[in-house]
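The following blocks contain the structures, represented as C-alpha cells.
Below are two complexes that have chain A in common, paired first with chain B and then with chain C.
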Partner chain A sequence: MAGQSDPHLSVFSAAEVEFLAEDEMVEIVPNMKMGPLNFICGDFGPFRPQIATEVPLWLAVALKKRGKCTIRPPQWLSVEKLTQVLEAERDSPREFQPLPFHYVEISRLLFDHARDDIPDVYMVRSLIEDIRYVRFSKVESGLETISGRTHAVKLKNLSAMEVNIVRPFVVRTLQAFYKHDSPQMIQHPDTAANRPPQVADRGPRRDLRRR
Partner chain B sequence: MAHYYDIDDIIMEGELISVSFHVAANGVGLDPGSETNCVEQGSKVELPFWLAHELHQRQAVSINVPACFNQKTRKEIQADAACVDLRNRCLYFYELGCKIAPMVGDRTIGSFLLYTFTCRYKEVLSKAHSSAFVVAPKFLTLLTKEETQLYEAARSSMAAFRKWRLGGPRFEKASILGKKRKPND
Partner chain C sequence: MKVRTVKLKETHNSNGVSSFCSILWDLKAQHLVTASASDSSISIHDLSQPSKPPKILRHHKDGVTALALSPNSTCLASGSIDHSVKLYRFPGGEFQTNITRFTLPIRALAFNKSGSMLAAAGDDEGIKLINTIDGSIARVLKGHKGPVTGLAFDPISEYLASVDSMGTVIFWELSSGKILHTLKGVAPDLDSETSVLNMLSWSPDGDILAVPGLKNDVVMYDRDTAEKLFTLRGDHGQSICFLTWSPNGKYIATSGLDRQVLIWDVDRREDIDRQKFDDKVCCMAWKPNNNALAVIDDMGKYGMLEPAVPLSMKSPTDGAPNLHAKNSNGLLLFDEDEQELSVSGSLSDASEGSLGESEPVSRKRLKKQSILEDEDIDNGDQVASPPKIESRKRAHSHKECLEDNIKGFSGISSARPKMQEAFQPGSTAVQVGKRRFLCYNMLGSITTTENEGYSHIEVDFHDTGRGPRVPSMTDYFGFTMASLNESGSVFANPCKGEKNMSTLMYRPFGSWANNSEWSMRFEAEEVKAVALGTGWVAAITSLNFLRIFTEGGLQKHVLSLNGPVVTASGFKDELAVVTHASDCLPSNDQMLEFRVFNISNGVQPHSGRLPLSPGSCLTWFGFSEEGQLSCYDSKGVLRVYTNQYGGSWIPLFSASKEKKSEENYWVVGLNASKLFCIICKHPDSFPQVMPKPVLTLLDLSFPLASSDLGAMDLENEFILSNLHLSQIQKKIDEMVVAGLDTTSLDDEAFNVEAALDRCILRLIAACCNGDKLVRAVELVKLLSLEKSVKGAIKLVSALKLPILAERFNSILEERLLKETMGAPAISNSTSGAAFKNIEAHALPMTTRNRASEPVNPLPQSKLSSPPITKQEKLQEGIKIGQKIESNKTSLPPPKLPSPASNQEKSEEKSRVREKPEPSKTVAVGNKTEGIDQLPFNRPTNPFAKTSSNQEKGSLLDSIKKMKKVESGGKK
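Here is the complex of A and B:
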C-alpha cells in the first residue's frame, strides 16, 4: 500500500480513497463508435456517438483524456442542488445532508479532468468547498461531546473522505478514553480489589448526531 | 508486558519517583544524600519507576504520590486544565498515572486523570485540525506525550488531505523557490 503514512492509524491514504471512488458510475456521451468493453467488473457500452451510457469514473476519465467523450456531471453536482445542500447544512447544526459517499473525490476528479463539462465550474467548486467546511466544523463540534462514557461514535451520512480525515484522531481519542475510564482505573470505594474487570455495561452508546 | 517493544513505555519507566524504604539496604548506593553506601530504613529516595515497581512488589518500599498528582496540580487543573504545563511536570503524565495509581492506593488518581484528559482533549481537538499551517504553536509545548500523539495524528491526516486536494506533485513547489537569498551571497 503505497502512499500510506501510518499503518496503525489511517487505513487509507487520500489517494487510496480516490482510487475506491473511481468505481462509482457516471454518465458519459461518447463521440466515437466502439463495441462493448468486457471487463472483470462488468460490461460497458456499446458506445455510439451522442448516445449516453454509464461507465465507471476511471473509464470515463480515461476516455475524456483521449477526447472520446464528454462527461455528464451527476445530478447533485449543480449550482442549484449544491446551494440547497449548503443551506440545509447550515440550517441543521446537528445533521449531515445526504450526499454521495464519495462526493469529495468525485468532484475533485471531475474538476481536474472534465472542467469544461461542468456548467459554472468555479461556482460549483466553491460550493463544494463551503459544504465541506461546514460539515467538518460540525464533525468537530460533535467530537467535543466524546467523553469517558463513549465507546462508539455514530456518524450518519458522513462521506468517505471526511471519515478518513478524522479516523486517526477519533481512534486514538476513543482508545485514550477507554483506557482512562476502565473499571481498573475508576474504582468504586466499596468494590475496590479483586473484582474482575467488567466490560459488559459501560453506559449507553452515544450518537454523535441525534436523529 | 503488553508494550515490551514500545519505546515510549520504556522511556516512561525511567521517570523518577520518590519512595520511602521500609527496610535498610546495604551496599546499594541508591541514596545520594547518605555518606555510606547504605540506605537507612525510612529514608526517602528518588528511584526510576521500574526499580520502584520491583521493590514495591517485594514490599521493600512504599511509593509516595508524585508531585504531578498532588493537590496543587489538581487545583490548577480544575482552574484551567488547558493552560497547565503538564509536559514540564511529567511528559508521561497519563501513562505514569495509570501505572502508579494501583501502587500508591490513591483511588482518586484514576478519576483525576480522566477529568484532566477530558478537559484537555477539547483544547487539542479545537486546535488539531485547523492550525495545520501554524508552525509549532506555543500550546504544543504544554502537551504531554499522549496528547502530542493525538494532536499529531489529526494534524498529519489533515495535511495529507490538503496535499491530495491541491493535486499532489503537480503543484509541488521547487525547494529553491522558497529560499531567500542572503544579501552577502
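Here is the complex of A and C:
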C-alpha cells in the first residue's frame, strides 16, 4: 500500500488518495432498470428508475459517465452547509470542523463528473476551495509550533488529503528535531553511531536512559 | 335572581385610575386578548394552559384603547393612544406592521366579515377604511362631529355603523362611502366619561343594530331603514356603556355605568339575569363555543361569567349562524399563514376545503390561494367602486345575502359539503408559468406548460434507456387530462365554449403504420377522465358515458355509468372507474363507488363502494405493480382491494403513522411490499416538475393497534405475508384453471411461506418472552412447514418452557397424522376457504412442491406412536427438543430417541426407522427410483390409505391428480 512516489516517507500520491476515496458511498438516482450488482465489496442495487440507491463513488461515476444516473450530492456539499463550515472554520483558529474524511477527493470527483447534479456548482466549488485554504493555513500555523520538545502533534478532524500533504513534512521535522536534540548523540557520539538510527524513539524513554 | 360572585383576575394594572379596557375571544375560544387604556401592553391569555403567564405584546408606546381580531383569528389589530394601529399575527403575537397612523388617539377598530378590511376611528376626524392586504386606505368616512368611539361592520359587509361620544349614530354604505342615515343624539352623551365609550353592535344575522339608548335602555334599529324597532328596558339604573350579542343572536349582554351586567332575552325583550360588580364593566365578549361571557372592568381586572345564560334556557351558541365560519376569507397579508392553515387543515377539513372547486387535495391549495386573491380583489372593488350593491333596502332578502356571501367565498366557506370533482391520478395543479404534471406514474410522466396561448407537452420515461423517445408536442387544444402506458398516451381537454369542443386524442409511441394517432370530438359532452390499457383507450364523459376505443381508434363500447365520474385507471386488460354514488354526506364524506371492467373479456369482475377516511376525498387511484386495485385519500390512507371476505378494501398504509409530520406523501404507485411516493415538504402537497422528483419507498404497514406484545413490526409482517400468500394462491388457482404451468408461482409461494414461518417463529419467541403462551400455541398452528414446527419446539425448549414444548409436540403429531391420513381429503375440504387457514392449504402445497422430497418416512415413524403413554410423550417431547438442538441439519423423526420401555416396541421402531432411510436417500437423489421405491415403502405404514396415489404407479401422475382434485375443490 505504501506510496510509490516516495517509499521512504510512506506517502500516498494524490491519485492514490483519490482512489481510496472512491469507496465512499454516495446516493444516485438511476434512470434505468437493472438487477442488483454483486461485487467483492458488496451487492448494490437493484436499480429502478427514479428511485434513489446507495453505491460506491466509483460505481456512481462510472454510471454517470454512461448517462445512466444522476448523483445526489451529499448533504454537506451544499452552499448552506459549506458556508456554515467556512464560517466556523474561520471563527475557531485552533480547531478543524468535522467534514468527511475524504471531502476534498469526493468534491473533486463530483465537480469533475457530476457538475450538472450539484446546485450552484460554482459557489460550492469556491466554498470548498476556501475551506481548504483556510484549513491548510491553520495546519501550517499549527505546525510552526513544533519544536524539539514536541513529542506528537494532534490534529483532530484532519482529512485524508490534508494529512497526506502534511505527513512527510511532520515526520521529517520530528526526525530532524530528534536528531539535533538527542542528548545521547552529544554525550556519546560513538555509541549512538553504532546503533541503528532510531526513528520511532519517544521522548520519555530518552529521560530514562539519561540517568 | 340568585346572587353569585364572579372572581376577577387582575391583568392590567390601572393604578387605581379607571380606564377603558377591552377583551376579546379568538375564534376557537382558546385565547383571550385583553388590553387597557392605561397600559401599553396587550395580553394574550392561553386558556388551554392557565398556569402559563399570558403572552405580553409591548409594541405600543401608550395605552391600548381598541382591539380587533380578524374573523378567522389569524390577525390581531390594536389601536392606541399613541395614534398608531398595529397588526400582529395571532395567536403567536408577532408584530406585523403599523397599518396606519392617526394624528390623535384611536378609539375603535373593527374588521369586516372577510377580514380584508379594517375600520379605524378615534378622536380624529373621519373613519379610515384600510385594506389589510396592502395597508392602503380605501376610504375615509367623514361625518362625525366628535370622537368616534364605536364601529361595527354589518355581517353582510354592506354597511358600517358608527357612533361618536356625543351619541350620534351614522349608517354608512360601504360600496359608495355615503351616509345612509344619521341618528343624532340617540345614544348617551358620554363625553365627560373617559373610562367608558359609546358603542353599538349588529345582531349576528345583521338585521338589527343595537345601540345604548338615552333611558338606560337598549334601542334596536332596523338594518335598512334605521327605524327604531323596539327597546330593551330593565334593571339598569344608569346608562348602558357596553353591549354585545350572543353568538346566536338570541341574547344580549349589557353593562351599565351602574356596575351591573345584564343578560337579555331579545325575543322576549326582557332581562333574564344580572350580575353586580365592584367596578364598571367596560367590555364583554361571549365565548364563541360555550355558554360563558368574558368581562373586564375599568380597573383592568377580567373574569368569566359562567354560565352566562341560565342553564334552563337555550345556550347562547345554539343555532349560531355559520356565517363567520372558520375559513372565512383570510388576510392576504398573511398568506403564508393561510396556506399553512389550509394544508395542516387539509387532513381534517380536506373535503371542506375542496368543496368549492372539489379538486383533489393536491390542487386545492393553489386554487384556494388564487381564489383568495380574486376574492380580495373583488372585495376591494366592492368597496372602491359601487358595482352591484345599490341600496337594495328591504327587498334584498336576507337569505339572498347569505347565498351571495357563500358564493362569493366559494371554496372557503364551509356551508355545505360538495362532491369532489373529476381528476386524473398523478396530475398536479395548474401553476402560472410553471410546468405541471398531467400524468405521473411508475413508467414516466407527461408534463405541460402554457406559453402564449398554447401549450407544450412533453412525455418522458423514467427509464431513459428503454422507453421510446417521444418528441415534444405543441398542443393547440389545451389538454388537461392525460394518461400514459408503455404503448401510447392519451390526452383530452375540457370543452371551452362552442368553438373549442372537448377532444380526445391518442398517440401511440410506435406503430408500423404512419399517422396512427387519432382524435375524437365530443359535441355537447365533455371528457372528464381518461385511462388506457393494453389495446384499449377509455374516456368517461360528462354525460356519464364510458366510451371504450381500441388502440386503432375504433369505437367499441359505450356504456352508461351510475354517476358522475371521479377518476379512472387502467392496467393491462382491466379498467377501474370511480364514480359518485350519491351526494356527499353532511359530514363531508364523499360517497364513491368503483367498478372494474375487464375489457378483453367484457366482464365486470368487481364493483362496490369505495371506502375513504371520514371527511376525506380521493387523491390517487390506480393499480399496484401486481395489478391490485388501490386508492389513496387526502388523509393519507392507502387501501388495497383484496378478495378476502368476498372482496374488501384493506388499509395498507397510513401517512399519520409515519413519524414525519412535516411531509406530505404524493403517491405514485405501489408493489406488494412498498409504496412508491414523492415526499413533499410540508406546505407543498404535490411535486414540481423541476427538479425531477425522486421516488421514495415506504413500507406498507397495517394500522395495527398497539399490542401488548410490543412486536408491531413482526405482526405487520405476518399479516402482510399472509396477504401476499393469499394473492399468490389465488393466482395459482387461476392459472391451474387456465391449465398453465404454475411452477414459478409455486416456488414464490414456497418462499413466501418460508418467510412467513420465519416471521411466525420470531413472533413465537416474542410471545414466549411476553408470557403469552396461548398466542404462541395459536401461532404454531399457523406454521406451514413441518421443519418450522420443529424449530418452534426447539425454540421453546431452549426458552425452558416445557408446557409449550409438549403442546407443540402434540400439534406436530396431529398434523403429521392428518397429512398421512388424508392429504387429499384436506385439500378437498379446506380448499374452498381462502387464505385464512394457511396451514390447510399449505399442507397440500408442500407435498406438491417438493415432490422429490420424502414425504413418507416421517409420517410412518410417527404413526407408530399412539400406543405410547402420555407421560412418555412428555419426556419424549423434551428429548426431541434437545435432540434437535444438538443435531441441527438432519431431521430425525421425533420418535427416534424415545426411551421405549417395551422392547418389542423399540424393535419395531428401529425397523421402522431403518426402512425409510434408504427411500429417503434415493428419493432425494433420483425421482424415478423414488417412485420405484414407493410401493415398497407403503406396507410398513400401518395406517396408509390405499389412496389414489398408489393406484397410479407414478408419483408424478399422483401429484397431478392431487392438483386437479384441489383445484376442482377450490372452484
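Definition applied: the second predicted complex is superposed on the first by the 179 of 211 C-alpha atoms of A that agree within 3 Å, B and C clash if a C-alpha of one lies under 4 Å from a C-alpha of the other, contacts with A are read in each partner's own complex, and residues count from 1 in each chain.
Criterion: a contact is a pair of C-beta atoms (placed from the backbone, for glycine too) under 8 Å apart; a residue touches a chain by one contact, two chains touch by 3 or more.
This is a predicted model, so every value here is computed, not measured.
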Contacts of A:49 with chain B and chain C, given as first, second, both or neither: second
Which superposed partner A:156 touches (first chain B, second chain C, both, neither): neither
Touching partner for A:140 - first (chain B), second (chain C), both, neither: first
Touching partner for A:90 - first (chain B), second (chain C), both, neither: neither
Chain C versus chain B, contacts on chain A by residue: B
First, second, both or neither for A:108, with chain B first and chain C second: first
Partner chain(s) touched by A:68 [first = chain B, second = chain C, both, neither]: second
Touching partner for A:164 - first (chain B), second (chain C), both, neither: first
Contacts of A:29 with chain B and chain C, given as first, second, both or neither: second
Residues of chain A contacting chain B in one complex and chain C in the other: none
Chain B residues touching chain A - in the complex, by the definition given at the top: 94, 98, 101-102, 107, 110-111, 113-114, 117-118, 121-122, 125-126, 128-129, 146, 149-150, 153-154, 156-158, 160-161, 163-165, 167-168
Touching residues on chain A, where the partner in the complex is chain B: 5-6, 9-10, 13-15, 18, 108, 112, 136, 140, 143-144, 146-148, 161, 164-169, 171-173, 176-177, 179-181, 184-187, 189, 192
Chain C residues touching chain A - in the complex, by the definition given at the top: 461-466, 676, 692-697
Chain A residues within the chain C interface of the complex: 29, 31-33, 49-52, 67-68, 70, 72
